[in-house]
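The chains carry the letters A, B, C, D and E, assigned in the order they are written, with residues numbered from 1 in each.
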Amino acid sequence: MIFQLILIFIMIILAVAASLFKDLINAVVACAAVSLITSILFYFLQAPDVAMAEAAIGAGLTTAVFIIAIRKTERYEK
Amino acid sequence: MSGIYNWMYYIASGGLILIGLYIVLVKTNLIKIVIGLNFIDTGINILLICIGYVRGRTAPIFSRPGISPANVVDPVPQALVLTAIVIGVAVLALALSIVIKVYQHNKTLNVTKIKGLKW
Amino acid sequence: MRRIVSIIILIIIAVGFIFAFSKIPFGKDKINVANYYIKKGIKQTGAVNIVTSVVLNYRGFDTLGEVTVLFIAAVGLGAVLFVERKIQKNMDDKEDKTKRASLILRTGSRLLFPLILLFGAYIFVHGHLTPGGGFQGGAIIASGFLLMYLAFPKQRINKKTSGLAESLSGLIFVGIGLLGLVFSGYFLTNFLPKGIPNTLFSAGIIPIIYIAIGFKVGFELTGIIDDLLERSR
Amino acid sequence: MQLITILIVAFLGAGIVYLIGKISGKARDILAVLASLIVVILVSLAYNQKIYTSFYPLPFLNLSLTLRIDPLSWFFAIAVAGIGFLSILFSLEYMKHYQKLDFYYSMMLFVNAGMLGVVLSADFLSLYIFWEIMSWSTYLLISYKGGKAVGAGLKYIVMSTVGSIAMLFAIVSLYTSYGTLEFSSLASLLQTASSGYILFLLIMFIIGFGIKNAIWPLHTWLPDAHAEAVSPFSAVLSGILVRIGIYGFVLVMYSIVGLNLLHKLGYGLLNFNYILCWIGAISIIIGTFIALLQDDDKRLLAWHAIGQGGYMILGISFGTTLGIAGGIFHTLNHCIYIALLFLVTGAVEYRTGGVRDLNQLGGLIKKMPVTFIGGLIGISGLIGIPLTNGFVSKWLIYKTLIMEKHPFLAFVALIGTWGTILSVYKFLHNIFLGQLPEKYKDVKEVPWAMRLPMIILTSVIILFGILPGIPLNVISGIERSFGIKPLSTIIFGMPREIGELNIINILAAIVVAGVFIYLIFSLSTRSRRVNQYDNYAAGSFIPKDKYQYSVRFYDPVYRIIGPYLRDVVDDFYYWLVEKSKSFFQGVRQIYTGNVNTYALYILLFLAFLIITKIGWGLW
Amino acid sequence: MVNPSLLIAVPLAFAFSIPLFGLVSKKIGKYIPVVALLINVGISFILIPQILKKPAVVSIGGWSPPFCINLVVGPLGVFLVTLISSIGLLVAIYAISYIKEEPTEKYHMLFLLLITGATGIVLTGDIFNLFVFFEILCISSYALVAYNKDKEGTEAAMKYLIQGSVGSSFVLIGIALLYGMFGTLNMADIASRVTSADPTFLFISLAFLITGFGIEAAVFPLNAWLPDAHSSAPSSISAILSGIAIKTGVYGVARMIYTIFNADGILTFIAFLGLLTLLIGEMSAFRQNDIKRLLAYSSIGQIGLIVFALGIATSLGVFAGLFQIVSHALAKALLFLAAGYMIYRVGSKSIDSLSGLGRKMPLTSFAFTIGSFSLIGLPPFAGFISKFSIVYAAIQVKKPIFLVFVVIALIATVIEAGYFFKVVQNLYFKEGKNVDNVTETSGYIIVPMIILVISIIVIGIHPQFITGLLKGAAGELLGRTGYIGWVLGGS
């Protein structure tokens, strides 16, 4: 229980951090971390299918797509 | 203390949704806004899953013997979330491609400067 | 100013959330319709993973829609980022030819790539038995390709073949649905024999559809990454 | 069946003419004339019949579209058909140089068909439908010439739309209250209605019909539209289309609401009739005196159309036998002479190359004698000189005013007539009399296809002036159908018991007066004809073309009354439009182009819904 | 009996197979949507008489309704499907030669999928399935708005996407809340249990759903995407978005309010919102000089009128609103198609540059004129019947507030008349500056416009063609117990 609470706390912190980072790559990494924690939470909530999907799609591919997009545009929020 | 345990997942999902909305409302960078949309999606997914969760039960997979049907969580939200995740990534990919195009045309990602269409 | 207004609005919405969530107690048994799936799922569909049977059978129509959404995203992305072939070629020529990934990455990914593909295939073939399924397997396959792109930036998949595979697997999905309509009068009916639960060849149309979805998702996600990498410079 | 045939011929004619025009111009012209002629014949065949048909059910609204013919509608139908036919005949030559003729003819027929539909319909829904068809086809025809006409057309259609929605509102409220829209059933059902409701209905209908009829505060579209439309259509527009508004007034006030209810509305000086007749009086004054200031001949006539409309309102607003007869008869007369006058200006335009400025014309009397006669008789009718039809109707109206003890209104009407005389004399003089400008030396009379309609209209004016019993007989039929004591008529006017009017007497008086005048002229010394240039002009040479003594005809009068006679209402409308334009511009600013703001709108909406529920307990 | 699930399966199969046909010949692709939608139109016309006799509930997968996704084909569904596939067919014909920008194959796929999404929305009886089809519709329209790949198109698509995604997220939140409360996703099942729940909770979920669908429906504070998207998309897509897509949003809102929640209290507010939308739309359109943006704002206005009529919530009011849906779909599709080709020929979107086209492109201008007359509500066109019915319905409820509303709505009509008449005058009665080389369209472009013109006139003159269907549809929206009975009665 405490473990989950800590995870949720970290997740919220990461999400807030993602909104504050000026470097978009950092923001995206924070976003990926949020996804990863979500995936773990899904596992705790007895949803292994969803956890797998979130890990593969949310944390993996989404991040890749974000990073490609940032490479094509600009890295720093102005 | 049990109050926090009952509410922590709701706080997680609601918090993610609200942070996402805040990003959409306030941040001017397009990629940030897309990140915000992604947060909203994630928040809703958590919401759906914890709606289906029943304390003390296991995943609805009967591959091992000894799992009684009365002892599993709701499978429907999990199915819905699978769908929602895929839809989310689809929207996200499309959004980023459009963002790339917008950047090519405007040379900026700042939405306050992309105002070719107004009134 | 905008910040303050936004925060006030968000607080109001948060209050709304609290009101709404307080009526849905966490962790209590609220299962209603799903009881039917849990109790009768294995008998009716032959899949021991109830989530899979819900995804592909009871709510198969949603999944068809979901596959369509992904398809639209892939197609739309291709349409938005489309560049005429001539211009494309010029861009490719201008690009730095010497760009290469490190040796370790190259060797490692050569080694890993087949394994990842195999893992993905395993996931979607066993979708009705274990956690996982077409989407997860497809995503894993796509991440394998992503790895290859990182290792070998110059190599590309054959767009034509992948496009054909996408549309063929989509057609298989719809086609199976239509076959169900022909055989039993309902679209997307599980018309094949259900087999013995908990074996690979069971659950009627579920594995077939999941394989189709696996291919489709895999190729579509790969295509999306490919389009993003290639088309838009 | 007969009525449906009329409408089918009218509408199909319009459609077919357009299609035929794509193949051959000649065939189109013939067909257009033919179609309008057939309509005239069909309508005249329906004389003195009483028909009521329901021709199109609308079950989802529990309604059916119906047509009827009774004296009132026949009276207006024949006017519509006749004027329509004559103006199409006139157009054959006049329009030759214009383009898009297929469109023109088709729309002319369409307008006619729409007007016929309005006057023949027996329920308000069909009336409204045909009314709208008439409005939009009119709008297309007004804007037909392009240039300034575009603005005129827009002004017309916007005001017309305002009128239509007022009418629609009244119609729908009638329907919800009584479940029917047929005139006859409404007439009986409305007898039990409260007078407040009746007043509301009347006001709505007066806005609706009054905008068409151009009564005073709603008149501003008319001068522009009349001036900018092509002349044959101006004849239709001013002659009959505008007067469909009078039809509406008469229909609503006497056929449906009825006299009994009408007299109950209001108290003392705020009586409904009284207010209406003052609106009429204001229209007279404003119309005729602004006409005096005009230099554009069509615009001058247009202002007269407003002024004469005031006379009609004045006539019908009293609801006495004489008054209604005078108002309706004046409508007919006005329709004849104003159409004639517009055709005359059309003829002049045709020969002079589109000149409408009165300061540049003059002396065309010898070149265009037929047109001159038309103009002369036309303005005589407009003034109301004895032996023309206008005399009879104006006489009826004056008589009403005096008999109803409204000397002040009578005085206003008289002043209006003075203004009319002054301004139309300017019209006649500046076009036909005086000095012929050099550039019009080669002007010829217009071709026969244009002469014929003018001749017909001229003779009708004289005919009705000498034998007013013919139309008055029909009008007394109309009054009988309203349930008012009908006007008793003889062929030369009216018998003694109502108020004697006998054209024979007047004729005799005129003959005597004519003899006197002749004697005076022949006995006095003869004046000598002098060449214009054969005179003394302070020793300076008179340039040939510069000197036009009719230029700025009433300049002293201008200087006196000009400043007071601005069209304040029009200014007010323009101010309103400008203000609303800038307001609309402001409203548009909410679409700022910033996507954050847009998202804020969305969340504001959501937050609004939530807070009203949680915080307020609404819904 | 044709199985209604074909209505979704057929276009989906055709859309998936376009790349396969592309192997045979590149040119086949553009005819595929026409074929698919022709089949759909055929099916829906076959269905109409059957459905009017007895509504059909078709389950997907073969289980009885609350346990699986089912299509509910009532009068409303079949009416909207017919409308969607007919308009879609006409626009598909138009697009055959209108779309020249590469990659056309992808355009036709996306187009067909958009139509499929709209069809699915109006047919499905499951709320999450509704969301999925809603996403199909939205995502394909995002991609299609950006299809031209120019500055405006991508910018509009970006704005549309952000607002649309927020909207779909809200829909999903609403669905999640509903599932949490009732444990079912079947709309009829939810509707039958809705009285047992806490009203505040219900209202919050309704608020999320209304906001979400309202974004697609372009109700006033939620419609900022619409002018951008409609004016920057390729004209065929503008026609579809304006003719069909926003109507499905309206359908969503109406379904939520009437059938699921039975929220009578909010209806007056909805009518007020409609009125506000109408006013804002017409006012913003008034000073536009960009023809497509003008049409887009006018769409907002018309949607306001539809929502207003639906908010009246008498059977006549709903009937009038549905009639307005038909007349607006026909007229606005026609206007966008006509304007699209004029823009293509002239090369500019400003209204001034269209002057004088009446001579050069007589048929197109004629079509435009008929469309705008119908939109203003002049007889004898379809728009007249709908406007008359709306005014009638609003006055008939005999509430003073609706009298005020209807007066304001009529004033907005005057504004609309003002700017449309101005455009028509521009086409016919003004001298064009550089339109000498412009020629009339032909073939695939003109056919759909002519069909639309004819149907506007025919429906205007003989509304009985559709009134029966519309009465049934209005009955379905208002009679929620009937709807619940169709779906759950058999179980």
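Note that contacts are C-beta pairs under 8 Å (C-beta built on N, C-alpha and C of every residue); 3 or more make two chains touch, one makes a residue touch a chain.
All values derive from a computational prediction rather than experimental measurement.
Novice: Taking each chain's centre as the mean of its Cα atoms, which chain lies farthest from chain A?
Specialist: D
Novice: Relative to chain E, which chain has the most distant C-alpha mean position?
Specialist: Result for the farthest chain: D.
Novice: Report the chain closest to the protein's overall CA mean, measuring from each chain's own CA mean.
Specialist: Chain closest to the assembly's C-alpha mean: E.
Novice: Identify the chain pair with more contacting C-beta pairs: C-D or B-C.
Specialist: It is B-C, judged by the count of C-beta pairs in contact.
Novice: Centre to centre, by mean C-alpha position, how many angstrom separate chain C and chain E?
Specialist: 30
Novice: Can you compute the centre-to-centre distance for chain A and chain D, using the mean CA position of each chain? Integer Å is fine.
Specialist: Here the centre of chain D sits 76 Å away from the centre of chain A.
Novice: Could you state the distance in Å from the CA-based centre of chain A to that of chain E?
Specialist: From the centre of chain A to the centre of chain E is 37 Å.
Novice: Which whole number of Å gives the spacing of the CA centres of chain B and chain D?
Specialist: About 69 Å separates the centre of chain B from that of chain D.
Novice: Using the touch rule from the top of the page, what residues of chain E touch 2 or more other chains?
Specialist: In chain E, residues 128, 132, 135, 139, 142-143, 146, 149, 154, 157-159, 162, 166, 180, 183, 185, 200, 204, 207, 227, 284 touch at least two other chains, as defined above.
Novice: Using the touch rule from the top of the page, what residues of chain D touch 2 or more other chains?
Specialist: 588, 591, 595-596, 599-600, 603-604, 606, 610, 614, in rising order.
Novice: Got the chain B residues that touch at least 2 other chains?
Specialist: Residues 9, 17, 21-22, 24-27, 33, 50-53, 59, 61, 72, 74, 76-78, 80, 82-83, 85-87, 89-91, 93-94, 96-101, 114, 116-117, 119 of chain B touch two or more partner chains.
Novice: Just spell out which pairs of chains touch, all of them.
Specialist: A-B, A-C, B-C, B-D, B-E, C-D, C-E, D-E
Novice: Within the complex, which stretch of chain D touches chain E?
Specialist: Contacts found on chain D: 58-61, 100, 125, 128-129, 132-133, 135-136, 139-140, 143-146, 149-150, 153-154, 157-158, 161-162, 165, 168-169, 172-173, 175-176, 581, 583-585, 587-588, 590-591, 595, 597-599, 601-606, 609-610, 613-614, 618-619.
Novice: How about chain B: which of its residues touch chain A in the complex?
Specialist: Residues in contact with chain A: 4-5, 8-9, 11-12, 15-16, 19-20, 22-23, 27, 29, 31-32, 34-36, 38-39, 42, 45-46, 49-50, 52-53, 57-59, 61, 72-73, 77-78, 81-82, 85-86, 88-89, 92-93, 96-97, 99-100, 103, 108-110.
Novice: Tell me, which parts of chain B touch chain E in their complex?
Specialist: The contact residues of chain B facing chain E are 17, 21, 24, 30, 33, 37, 40-41, 44, 47-48, 51, 74, 76-77, 80, 83-84, 87, 90-91, 94-95, 98-99, 101-102, 105-106, 114, 116-117, 119.
Novice: Quick one: in the complex, what on chain E touches chain D?
Specialist: 158-159, 162-163, 166-167, 170, 200, 203-204, 207-208, 210-211, 214-215, 221-222, 224-225, 227, 263, 265-266, 269, 280, 283-284, 286-287, 319, 359, 373, 376, 378-380, 384, 388-389, 391-392, 395-396, 398, 406-407, 410-411, 413-415, 417-418, 421-422, 425, 428-431, 463-464, 467, 470-471
Novice: Of all residues in chain D, which touch chain B in the complex?
Specialist: It is residues 588-589, 591-596, 599-600, 603 of chain D that touch chain B.
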